[in-house]
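Letters A, B and C mark the chains in the order given here, with residues in each chain numbered from 1 onward.
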């Protein structure tokens, strides 16, 4: 895990800016790695990042992606007083949750962008930040707003039969001009997309008050998805980029597999999943994930930025893949 | 090439600021390495640099050196929309090309600084940026202005007999109080100075429209210099810091040799130089350049910042040396 | 030394901000390493740091810690004109030295914070910066102000019998409600605390004019402490975190030992300490310090941030430990 982080720090990458979702997901992994290990090497990295970015989210306040980085700011804030400026995060969340925008209004011109969190990735990007922010400030209105929007996405994109999320409405059947399907005739369920959701649920449940009125909704969804995801694991311990069509690109993909491994291990560690039932799956996955790491620390087999299943290679890497790897490792360490 | 870039990224260096010409030349190499390999490891590095510097050139708008870094901004701009802010580059170029200053006016107190680009290095620093800017904006007035100033420098510093550029008028004969000469009685032609010109010509011709009215001038100059440079290559495949006095410092120098290797290979790859005639020279040079790279990736044998021939050592490095190495490698990859 | 710096640069760390005292102490080591070796790899690192921080100290103008980083800015300024902006350093020093604040006034609510430099670490953080600033500007008023405050600290915290500094008044006997003592009944003298003082003295004397009227005070204090520190060295060549109770944490600690080694070697190199008497102590210490460096360059056995003796481990590192290591090495190189 240290080597993965060191390699990633030596190869900073982003799509739009260092505060975008790619780094957001990576530093969630760094944050949880520090929480699990207390190794200051992780804390040093995330503080350096936060300071350089003035503890600011990216600028598109309507876009869940742009606040993912604040998870790390909130984590840093829990380690030392007077270190982190949370004002930009608060400002972002207040606009994001409590002001209007074309996605919320349903006035955006794209058919699939009719709610605030219209793509399933968003459920990793914003909700864990909101839950943690509510925890640190004690203001429940953020939790309630989060739940409202989460439920909208759930109602729109969750497939009650498959127990998986469509990436967005373009991948649903019966709503578009033409139904998109895999060559085998099945629906397209994107591995990483569902990784965002399941990984996000573990993060949400980590910090949501035990007595929060809507907590059961998340626990139930988590359990239902966990069971399904477990059933889709392949013989090598990893998941394929197209969950229902593993033959499309028949090799393990690390970002999705890392998020799943993290989420399943978290469930075992927190008594939500049956230990005997899930542990073999998780330990097998972690062995396989480690075999995707190069000698120099680089985490390979990561699907590039996208919105649907595409192949990866031994040499394809992205910071969020390293983040998924660190998330998985941070829970594996706690597994007895 | 990846190792060279990784070592350089881990050892950031500059003379005046991270946006100065030293980094400018280095990141030209990183840009071309990405263009040639499509390896995202190069793109990640240059985007990180650009973002940290707010996509700004350095501040001396009269100085060609200070806009060299914009070559990389323009390259980054070609990879993704809404990533790069080109306004500071445009502002610099508009002042540089279309407003007055003491060098242009000939009012500077130094005898050698009487035209905008009064030293031959400038022909690498600004013209390729201008050509690329004209290409991306479609505004030919930049090309025309570039040609005007380029021609001034050519008229002032090009030695029609030797087919080499004097670094500046201080190194010309018959114009100063005393003629500077090497111990062997020959004129001083600085290897890196001519590397800037020849490497710059390859960059200019890469992006100048095929039908641009003055293109032949650059093609002819390029061919003439290429032939002369080839004739000055030493037995080990590398060039010496003093082109006509190789015995002064009798060891290969990597920045000049890298620029030459890049430029000659580019000519072969683009059908401007005779393949059979130039290929042996280029492959030999590349083998020799690779032998100057340390095990850890560091590119040694680079002459320090200067304006005339000085020695280098196995351990002397500079970012522009790494840039020259990457430029050479990026064309060698295309050589069949 | 290069490997120590490279590892540290790849693992940036700070407590409050990159311009805090932890980096301040580290880059003092980088500065002296460059001064001693002329290896541009050190200069490149410190220039990059200074540029990124806009050559600014941290913001608490009443706090000596926050100007420690300016030692490096002043060093960088000595290497090239027009590179460093010293205005923020001047502004800090003018407020720090010549304006009032609660510590100076004795109006702070904490009993131990009744003078400007109320803890002995401060004698490393600010005085060397002030001496160097006075040297570069030629303004003696800074030296005089420094001496006034230095003397206050000396009068308050120096133990005339032990020839060591109490970290602050909380560790003195007869002034607090209860005397703090080690299990062996002795006073608590913190190794790093005295390392700050002794290392600071070597820096001060390096740049204080030979004819400065108060110079003898510093030379005498330096010699007296040096003799005592030498007598407290343990058999393995290193010092323990509690100087009079080595059995408390019976292992070498690198930050204190590095500062001592630096200071003693400096005294030998500058003819202030008896060469024959001190050299064995210093060479033994350096061998032991090198054995605390990991294969990858990381300097271990560094006590964490604190104010009194605590243990370290093979794997505990901090940037100021690397700084102490570099300081020691930079003087060892000059030892014949």
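Basically, contacts are C-beta pairs under 8 Å (C-beta built on N, C-alpha and C of every residue); 3 or more make two chains touch, one makes a residue touch a chain.
What you see is a predicted model; the values in this text were computed from it and never measured.
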item: Number of steps on the shortest touching-chain route linking subunit B and subunit C; value: 1
item: Same or different contact residues where subunit B meets its copy subunit A, judged by the half mark; value: different
item: Centre distance in Å when subunit A and subunit B are each reduced to the mean of their C-alpha atoms; value: 45
item: Overlap residues in subunit C, where contacts from two or more other chains coincide; value: 10
item: Parts of subunit A lying in touch with subunit C, wherever the complex brings them together; value: 6, 9-10, 40-41, 44-45, 47-48, 51, 80, 82-83
item: Contact set on subunit B toward subunit C in their complex; value: 10-18, 317
